[in-house]
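As written, the chain order gives the labels A, B, C and D, with residue 1 at the start of each chain.
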Amino acid sequence: MTPPPRRERVTVVANEQIGPYTLLRTTRGEVDPGVPGQFFMLEAPGRILPRPMSLCLVPTGELAFLIDPIGPGTQAICALQPGESLQVLGPLGNGFRLDVEQPLLVGGGIGIAPLPFTSQALARRNGGTPPPAVLGFRSAHHAEAAALVPNAEVCIEPTYVTALIPAGLDVLACGPEPMLEAVRAQCPGSQLAWEAPMACGYGACYGCAVEIDGELKRLCIEGPVLAA
Amino acid sequence: MTPPPRRERVTVVANEQIGPYTLLRTTRGEVDPGVPGQFFMLEAPGRILPRPMSLCLVPTGELAFLIDPIGPGTQAICALQPGESLQVLGPLGNGFRLDVEQPLLVGGGIGIAPLPFTSQALARRNGGTPPPAVLGFRSAHHAEAAALVPNAEVCIEPTYVTALIPAGLDVLACGPEPMLEAVRAQCPGSQLAWEAPMACGYGACYGCAVEIDGELKRLCIEGPVLAA
Amino acid sequence: MILNASGCLDALTAPNVAAALDCFVTKTVTPLPRGGNPPTRIAETPVGMLNSIGLANPGIDEFLRVNLPELAALGLRLWVSVGGFSAEEYAASCALLDAWPEVEALELNLSCPNVEEAAESAAAIVAACRAATTKPLWAKLSPANWDIAGSARAVEAAGADGLSLINTIRGLAIDARTNRPVLSLATGGLSGPALKPIALAAVFQCRRVSQLPIVGMGGVRTGRDAFELLAAGATHVAVGTTLFADPGAPGRIRAELQVELERNGFTTSAEASGIAHAPARA
Amino acid sequence: MILNASGCLDALTAPNVAAALDCFVTKTVTPLPRGGNPPTRIAETPVGMLNSIGLANPGIDEFLRVNLPELAALGLRLWVSVGGFSAEEYAASCALLDAWPEVEALELNLSCPNVEEAAESAAAIVAACRAATTKPLWAKLSPANWDIAGSARAVEAAGADGLSLINTIRGLAIDARTNRPVLSLATGGLSGPALKPIALAAVFQCRRVSQLPIVGMGGVRTGRDAFELLAAGATHVAVGTTLFADPGAPGRIRAELQVELERNGFTTSAEASGIAHAPARA
């Protein structure tokens, strides 16, 4: 049984532009940052439903989310200014297993969002050395966000990130569906963080169903990180 | 045929508290202030429908509305701050006939809203001397708005304004329905400005129907000022 | 083509607003005059407005004698919305209107209070009217219908030339002060933003089963809203509640729609009609 | 009593949320297991959300074997929502559930896709279930019904012990990018704020014709919303879509409702039930 979801009102501390993305830093309050790859439901002001967001960084006393303003919900969140507040619910779902031998972080586009936190957590397990990462972006502008991930090799389309993945490493990946499908095919045993539209994030709505092991299951409960 | 309704975006110049009411002053733009007793439909930010408001004052280059924040629409309008803008549509409906011999303005509560403009217009027809006015309010706090009407005698409940109306004058009245009914009974021939919920203000919705001469008619077209 | 929704504009009191439309639709006319429901007739909710106008209208005879000549003098394209309380009543009005060349088409308001909305009886009304006039008949359906596509098929079979989708759905608002219904008759028709997803579903489902032209309406505020109704399968769009807040809506929405069409690679509304039915792009 | 709306909470994944309710209602259980509809299953509109979950559920046998014992172990008051595609299917599930003392009542989801919503067949389902169980039966009706009061009367006559009002109404959203429906099956059920005036009307109209207890639901976000449903005639209130954004809603709404009751001079929900039907105060 999942731990009870915890919801808390946090205050925006900073709203920083990183390429086309927004890094939204909020107070942490009593919120447990959880495990990298877990996510939070963020209130989207003026909208009916909250939006799922990976935790990107955990500055002291803060939470930081990297957000691509692609639609009404993410735009409303990115419009929040320092001093304004929002509800966050989490941590939710299952994050990355960090007990791997030779981690490689793989990220595509806004899918790099959980990787800075993941890199830090893995570094802490490895005497401070961050794991290698390979990141793919649509443009140099998007690739500005790569600065958030230490020890990263970056490629820009038309080169795909899968071209940068050496064999034999333990892949932890997050990115658009076609990228994850390619990684799954190329790297059996990797851990993949998937996306689906979510209304609740805690198993209440069955809206996030995706096919897992041939059955429609709730990604917010079974995932978002699934074994390839 | 009524002249075509004109709609324009105006900007809030000032938002002043007068007792429990708000005097909202906006730029005038190309808006015709019309005749006292006519009204405007004011956009209520965040609401579906605009709200009917009498024009209270016409400072140079401005429009001024006196508003009682009694519900969601009026509260949204009163929350507008200088620099913010709103749509106004008007002038609408039929105002007061000003060609009267011995005018007396009668107002109750927020019903005094059109009287400052009416007083000015009548004064202009009378060598600058404003007409007498009698105004009734629920409390001394509400009565602060009486300062907007020159040459006014003021009473506060339990005294009713009808007790202050001498016989034989040409009454121009605006106020709550019970007050207007009492004035109608007491002063045949008076001009009364009525209220009704309105969705459009220009004859499109039939929402503002009230009984006039035994038939349900649109107050926004036939009124709001009706002969007693 | 951009029309007004029936009951949401009086061309005689706002001729300039009507002139900005491609075609003006009258408020529903019934055989006998109706004063309409007692006030309070309108209420606002955060998601739309409620009305309980109660089909206030002068009745068909007075309408033909006074209103129709005045409307005709405005030189507008003109549809008349017809209501009644039995198939015979609808048909009688249609027969009278048939004589007026100024009237381009008739919209049958099949969602009057007291008129059953079951597919059968909507079809019976259309059939009766079909026999009474050669003018194009647009069947206006209610969303309070488990099987609106079935109704669409039934009225098509009965001879309708087009569908008008949708009328209001019943709603109620409680007064914050009195805790009583705001409207004097308690319930009224909900229109505005809340109707938009409901209207899109109705248009989409009817387009699936019928190739009749469709006037889509319900919560249209912007050119994008109009575009989405077209995408769902409408061929024309009507604007109702938005006219109350913005009498300039017809011109504004037409301009916004043109921008939206071009942004999506279309030149005309006709090209965009039904595109949401195409299989998803890869 | 504050309940969750069926399908809007899984007590097994969020037991603490369920524990804050007076009574937990399961997602609708059908005779056979259903994976549900293909994704995308949810969409958001400015006035509410759309869902096309498609009654995903393990089927009654697995439900009785696995889920029900787990739910029973939570020690909640428990209603089971029953669905099916014929009166016999509903009745068969009711007969199986009749044996479980942990189940306090059964809610019949009479607005399943593919199940006709006509008053007759809703009543036929209720009658069949009535014969199959002695447990209280709550008939859940759809607002896509021209005469919901008639349906209420019909299910009451057929033996229903209460009404659950209302289920979602069909809606559609167009994706801004693809101009195709967001939901894979195009249409889905609209819930949330847009339903509130529609739910108030349904509750008000059914209360007029029936004294059955009513669970009111549709767009409840605050204690005032709950209070208004009570005023319209509900005896209990259920919270659906709001649970997704705010799992703390049951406790918050209960507290807000208590404040609202007291502000209006009441101590209990029961006292406020139906007050909107009283003649207007002078």
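The rule we apply is simple: contacts are C-beta pairs under 8 Å (C-beta built on N, C-alpha and C of every residue); 3 or more make two chains touch, one makes a residue touch a chain.
Since the structure is predicted, the reported quantities are computational estimates derived from the model, not experimental observations.
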Review point. How short can a path of touching chains from chain A to chain D be, counted in steps?
Key: 1
Review point. Of the other chains, whose C-alpha centre is the longest way from the centre of chain C?
Key: A
Check your understanding: In whole angstrom, how far does the Cα centroid of chain A sit from the Cα centroid of chain B?
Key -> 57
**Study point:** Intercentroid distance (Cα basis), chain C paired with chain B, Å
**Key:** 35
Practice item. Could you put a whole-Å number on the gap between the CA centroids of chain C and chain D? Key: 31
Revision key, fill the gap. Taking each chain's centre as the mean of its CA atoms, chain B sits from chain D at a distance in Å of 47
Check your understanding: Considering chain B alone, which of its residues make contact with at least two other chains?
Key -> none
Practice item. Would you pick out the residues of chain D that each touch at least 2 other chains? Key: 45-46, 48, 176, 193
Practice item. Specify the contact topology among the chains shown, as one of line, ring, star, complete or other. Key: line
Study note, to complete from the structure: Chain pairs satisfying touch are A-D, B-C, C-D
**Study point:** Touch list for chain B against partner chain C, complex
**Key:** 1-2, 4-5, 7, 41, 43, 47-50, 71-73, 87, 89, 196-200, 202-210, 215-216, 221
Study note, to complete from the structure: Listed in rising order, chain C residues that touch chain D in their complex are 45-48, 50, 116-118, 142-146, 169-174, 176, 178-181, 186-187, 190, 193-194, 196-198, 200-202, 204-205, 224, 228, 231-232, 264, 275-276, 278, 280-281
Practice item. Could you please specify the touching residues of chain C with respect to chain B in the complex? Key: 7-10, 12-17, 27, 35-36, 38-46, 48-49, 51, 53, 56, 176, 192-193, 241, 243-248
